[in-house]
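Shared between the two complexes below is chain A, which pairs with chain B and chain C, respectively.
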Partner chain A sequence: MRGPIVAAIVRKDARAFTRDRFFFFITILALVAYAVVYFFIPSNVDETVTVGVHQTGLDELIRGVAAASRGLAVAEYDSSADLEDAVTRGADGVVAGLDFPTDFAETVAAGERARVRLLLPAGVSEDDRLLLEGIVGEVAFAVAGVPPPVDPITDAVVLGTDRVGDQMSLQDQMRPMLLFFVLMVETFALASLVSIEIQERTVTAVLATPARIGDVLAAKGIFGTGLAFVEVLFLALVIGALAPNLPLMLVALLLGSILVTGFGMIAGSFGRDFMEVLFISFAFMIPLAIPAMAALFPGTAPLWVRLIPSFGLVDVIGGVTTDGESWREVSGALASLAAWSTAAFVAGSMILKRRVSTL
Partner chain B sequence: MNLQRVGHIVVKDLRLGPRSPLLLFAVVMPLLITLLVAAVFGSLFDQQPRLGIVDLGDSGIPEAAAALDGIEVTTSTDPAALADRVERHDVDAGLVIPEGFDDAVRAGEEPDLEFLVSGRSLASTRAVLAVTTIDLVREVAGGEPPVEVVTTVIGAEDYVPLGDRLIPLTVFYAVVIAGMFLPASSLVEERQKRTMDAVLVTPARMPEILTAKAIVGISLATVMGLITLALNRAFGANPGAMVLFLVLGAVMVAEFGLVLGCWARDVNTLYTAIKGGGIFIFLPALFALFPGVPQWIARIAPTYYFLQPIYDLGARGASFGSLWDELAVCLAIVTLLVPAVAAMGRRAEHDLAIVT
Partner chain C sequence: MSRPAIAAADLGYSYGDVRAVDGVGFEVAPGETLGFLGPNGAGKSTTIKMLTGQLRPQQGTIEILGMRLPDRLDDVQGRIGVCFEEKNLYTAMSGKENLVFFARLFGIRRFDPEPLLDRVGLGGRGDDRVSEYSKGMRQRLMMARALINRPDVLFLDEPTDGLDPVSARAIRDVIRAEAERGAAVLLTTHDMHEADSLSDRVAFINQGRILALDAPEALKLEHGERSIRIRFRSGDGVEEEVVPLDDPGAADRVRAAVAERDLITIHTEEATLEDVFVRFAGRRLE
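Up next, the complex of A and B:
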């Protein structure tokens, strides 16, 4: 492998890429679209269920219930009509309404069953309904002087860092996905460039020069990795993904770029025309996107998701950007990413070499 | 136009079609998108609080909790493992019920109940689980709350669940991939590989080729649209009207596909055009997802006039009679596109320079 020859092939590929209107357009469009999408995604989390209440003589109790839980807020209304209107319009962020009758306290204190209207907008979640019914019950028990046998609100033991008030927003959760999607578009771009070279036999023309097959493979690897890395780096910079730990993020994104370059070389070697490249690239992209999708859901990803080559990349990006994890904490995921990247790159190079040698 | 020749070209395309990855793409992608959309959007925006329970005795709480709607309950036997799951946020909260808990509560005591909360769970989720836990314990104690809750649902007539709002999106992909991509890329590919020249050497003329490509695209788009609607259980109360709009939609996108296929000089140009103009035809599917934004904007897209009726019929229980306006506009677009297709076909035939 000789530097000047490899550099010349890389320059040729770069020119071919920028000349190809389709891929150049897609690349720019994707970067702009991802950045725009990112800034449109909600950057804060509303952890509070706001309940509209109309009541008489229950001020202290209602405020007590709201104060006991940080996840509950109360908006008071003077009449049933005002409450109904607020629930209908979703005013003041009200998700539902509790309409206590004026004689509620007297009725319950007399040992009779009072009737409370629960106003729910269509589509309200079942868990919100449970919460509201529970609150009505507790207010009634409190009026009747029957305290709860247990108090899970004040006795709760919080495990892990308490993130109330500092929850991971959808924007934070989407960050690994957006970065990964940029890399995925590159799988397709590189695959198509490789495929065109094979179909148009330009690679055989290159091999007629002093360049050897090792030079061609090295050039493809450098160009693919460089292209993916520059793009993902640009987006990472725009969306602030580099700030928590620059060196760690650079290593992770570089390994991710090597990973998609490997898959791009495989897809490009097998695809005989545009449609085949598109199809094979999608066959790789869809499973590789699963870990990025899984990152949107809470909890540990199942084992089969953890075995997907892109999981390490998504895990490192998520850990570093949202939890501020260190080198030591992400070492396992980083090692897995490095192993998959090496395997994909070696496999891609071997398949491409075999394909070129059959021309 | 000779219908027999059209038939021969259709048969040729159907025979050779399975060799093309695009056909597989047109069949697999809508199914995959339906599954992904249902799995990702369905569960992403409808996540329930998750409660893990370890019962060290024989409490009635796990069974009562499992019967509740709106909470996902899992039971296990190891308190340490539960604490670990809570810390990793595999569940939002964990409940460790000690032995003899139910008897103690019934005896009026205040026994210890370990309530573990994940630091990552939302404050509102914690409130739901805490209040529900109190309710469950009160149930064990046997105390009925001295209150009756009467539920009134507001605004049900205008509400469309998220799953139903996704119908235009899934139908869009099914119809557009098969109805537009297939004829367009098939035309471009045949011109690039010069097989079109070979066909035009025979008595077959361009209008017959275009009709044949349209028939294949429309048939596949209709079938994929029907499968997508069936998977989403979205035929509504008027399946006849649904099929009518689906077929009209398939015809419309196939006509767009033919125009594009005749215009684009190569596959890259075709896909650049689709990529650039895609957002325009995608608008109605996007706007259906967000009912709060002004819906009139979606009317500027031609696809609105078949996607909106499909949405109204499948998700909002609309009657066929209320969709005459959309039907009229849809028919007008389909009719107006016919001369456009013919003109583009003539242009493509001239470009091929094999005109007899």
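Up next, the complex of A and C:
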């Protein structure tokens, strides 16, 4: 590998990229669009559950229960019909209704069982139903002074990060996905540049000079990685993904750029025209995007998702930006990412080298 | 002959079961132009790929400027120029940018592309993107690219294929000038007239083998047929008679025609390279 030759090829690739209006346009578009999307998505989570209540004579009691319960709000209605209508339409953010009988206080105070109608909209979850039943029990406790048979709060154990009152916003969840999508766009751009070079046989002309295939591969690797890294870095800066741990994020994004460069070289080697390159690029990128999509949903990713090469990247970004994880905490994911990036880059280089040798 | 600029001996290369080049050998001296003639698939391009280091020969030896390939590929590729059959230029870049880029690959840091562009008739168009060039202009730029490093050996693969007469003439002029400068030129072409006018010697290649190798004139004299074509009026029509000069009664037949026919024209004809090729290969060049 000779520096001046590699530098000349990198400069040429950069020029070819900026001259290609399509790739230049979709790159700028992707960066702007993802940044705009990020700032349009909600940055906080409203954890308040609003329950509609129709009752007579329990105003203070109900408000007291609501005030004592974190995340519970009460909307009062004058009649059962109004309450039913609100629950049906979801008016005032009401997710359920409690229709207390007029003699509720007296009945409970007398130690008798009172019947409270729990109004639920179609499709309500079992969890929400249980929550609302608990509220009824709380009210009964407050009126009668008799504790309910089970206090679920005392038995609750939060595994992992306790995010009660500090839920991950959609913005936080989207961060890994947006950053990965930028890398995806660059995979396609690099694949197309490689493919054009092969199809137009310009690489043959390059190899008829003192330039060697190693110089070409090094230049493609540097250009592809550099292009992807600069762009993903830009978006990361804009959406504030670098702030929690700059060195760690730089390493993760650099490894991610190397990963997609490897896949770009593979796609570019096989694609014979624009549509084929598009198809092959997406054939790689769609599975690679699965971990980024999975990050939108709570819970631990299944094993098969964890085995996807891009999982390490998403895991590190998510861990660092949302949970403030340290080098030590993400070391496993980072090692996995480094291994996959190396494998993808080596495979891409070998396949491209073989493709060029058959021209 | 001085030390050959190109010396190929017993070259062989197969693509799977297909024998593309089979025992090809020849030499080209500095300042000499060797025309490499053959139909598509004859083995011309594979031979050039081996000579320019793009393919490693499976059989035989190659020396370029006294340097063995592939051992001294770097040294060799710094001193050769290649004009490919495909117009493999960077179309998003200008003509100047293409030349400057390739100059960098040759290690030329300060390179002024203007004189080279002028030389191939592209003066004033160097700043235009290659995507805006006509086929002829692209071919001229390819030729200019092959000359960037002032090569001692030029490999030209169909350099005038499909070009308009003006562009073809411009390129032929450059080839002649390069040979006069002292560069050895290996020229592959389908165009027999071009080969005849540019080549000091020609090699006929077919099915991977060299069928004949000599000066065009020698090949025509040795293997071609000279004749006299006589056109005359006959009734309301025109007829013609071809008299082979090697025929023992040729002189009498010509005299008789002059005396007895209502002549329109008499032309002497010598064999073309095409005729000679057909005699060797049993087929015409397509």
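Just so we're on the same page, the second predicted complex is superposed on the first by the 271 of 359 C-alpha atoms of A that agree within 3 Å, B and C clash if a C-alpha of one lies under 4 Å from a C-alpha of the other, contacts with A are read in each partner's own complex, and residues count from 1 in each chain.
Quick note on the criterion: a contact is a pair of C-beta atoms (placed from the backbone, for glycine too) under 8 Å apart; a residue touches a chain by one contact, two chains touch by 3 or more.
Only a predicted model underlies this, so the values are computations on that prediction, with no experimental measurement involved.
Colleague: Considering only the touch criterion stated at the top, classify A:Leu296 as touching first (chain B), second (chain C), both, or neither.
Modeller: After superposing on A, A:Leu296 lies in contact with chain B but is clear of chain C.
Colleague: Quick one: classify A:Phe279 as touching chain B (first), chain C (second), both or neither.
Modeller: first
Colleague: Using the touch definition from the top, say if A:Arg19 reaches chain B (first), chain C (second), both or neither.
Modeller: Second partner only, chain C.
Colleague: In the overlaid three-chain picture, which partner chain does A:Thr209 touch, first (chain B) or second (chain C), both, or neither?
Modeller: A:Thr209: touches chain C, not chain B.
Colleague: Check whether A:Gly111 is in contact with chain B, with chain C, with both or with neither, and answer first, second, both or neither.
Modeller: first
Colleague: Applying the document's definition of touch, where does A:Thr102 land relative to chain B and chain C: first, second, both, or neither?
Modeller: neither
Colleague: Comparing chain C with chain B, which touches more residues belonging to chain A?
Modeller: So, of the two partners, B touches more residues of chain A.
Colleague: For A:Ser79, is the partner it touches chain B (first), chain C (second), both, or none of the two (neither)?
Modeller: A:Ser79 contacts neither chain B nor chain C.
Colleague: Looking at A:Asp127, would you say it contacts chain B, chain C, both, or neither? Reply first, second, both or neither.
Modeller: first
Colleague: Just which bits of chain A does chain B share with chain C as contact spots?
Modeller: Touching chain B and chain C on chain A: residues 20.
Colleague: Per the contact definition, I'd like the list of chain C residues that touch chain A in the complex.
Modeller: Within the complex, chain C contacts chain A at residues 52-54, 74, 77-78, 80, 82, 84, 86, 88-93, 97, 101-102, 104-107, 129, 145.
Colleague: Which part of chain A faces chain C closely enough to touch in the complex?
Modeller: Touch residues, chain A against chain C: 4-5, 8-9, 11-12, 15-16, 19-20, 200-202, 204-212.
Colleague: Which of the residues in chain B end up touching chain A in this complex?
Modeller: Touch residues, chain B against chain A: 20-22, 24-25, 29, 32, 36, 40, 43-44, 46-50, 68-71, 83, 86-93, 95, 105, 109-111, 113-120, 122-135, 137-138, 141, 143, 145-156, 158-159, 161, 185, 189, 267-269, 271-272, 275-276.
Colleague: Would you mind writing out the residues of chain A in touch with chain B in their complex?
Modeller: Chain A residues touching chain B: 20-22, 25-26, 29, 45, 47-49, 69-72, 84, 87-88, 108, 111-123, 125-131, 133-141, 143-144, 146, 148-153, 155-165, 167-168, 273-276, 278-280, 282, 286, 293, 296-300.
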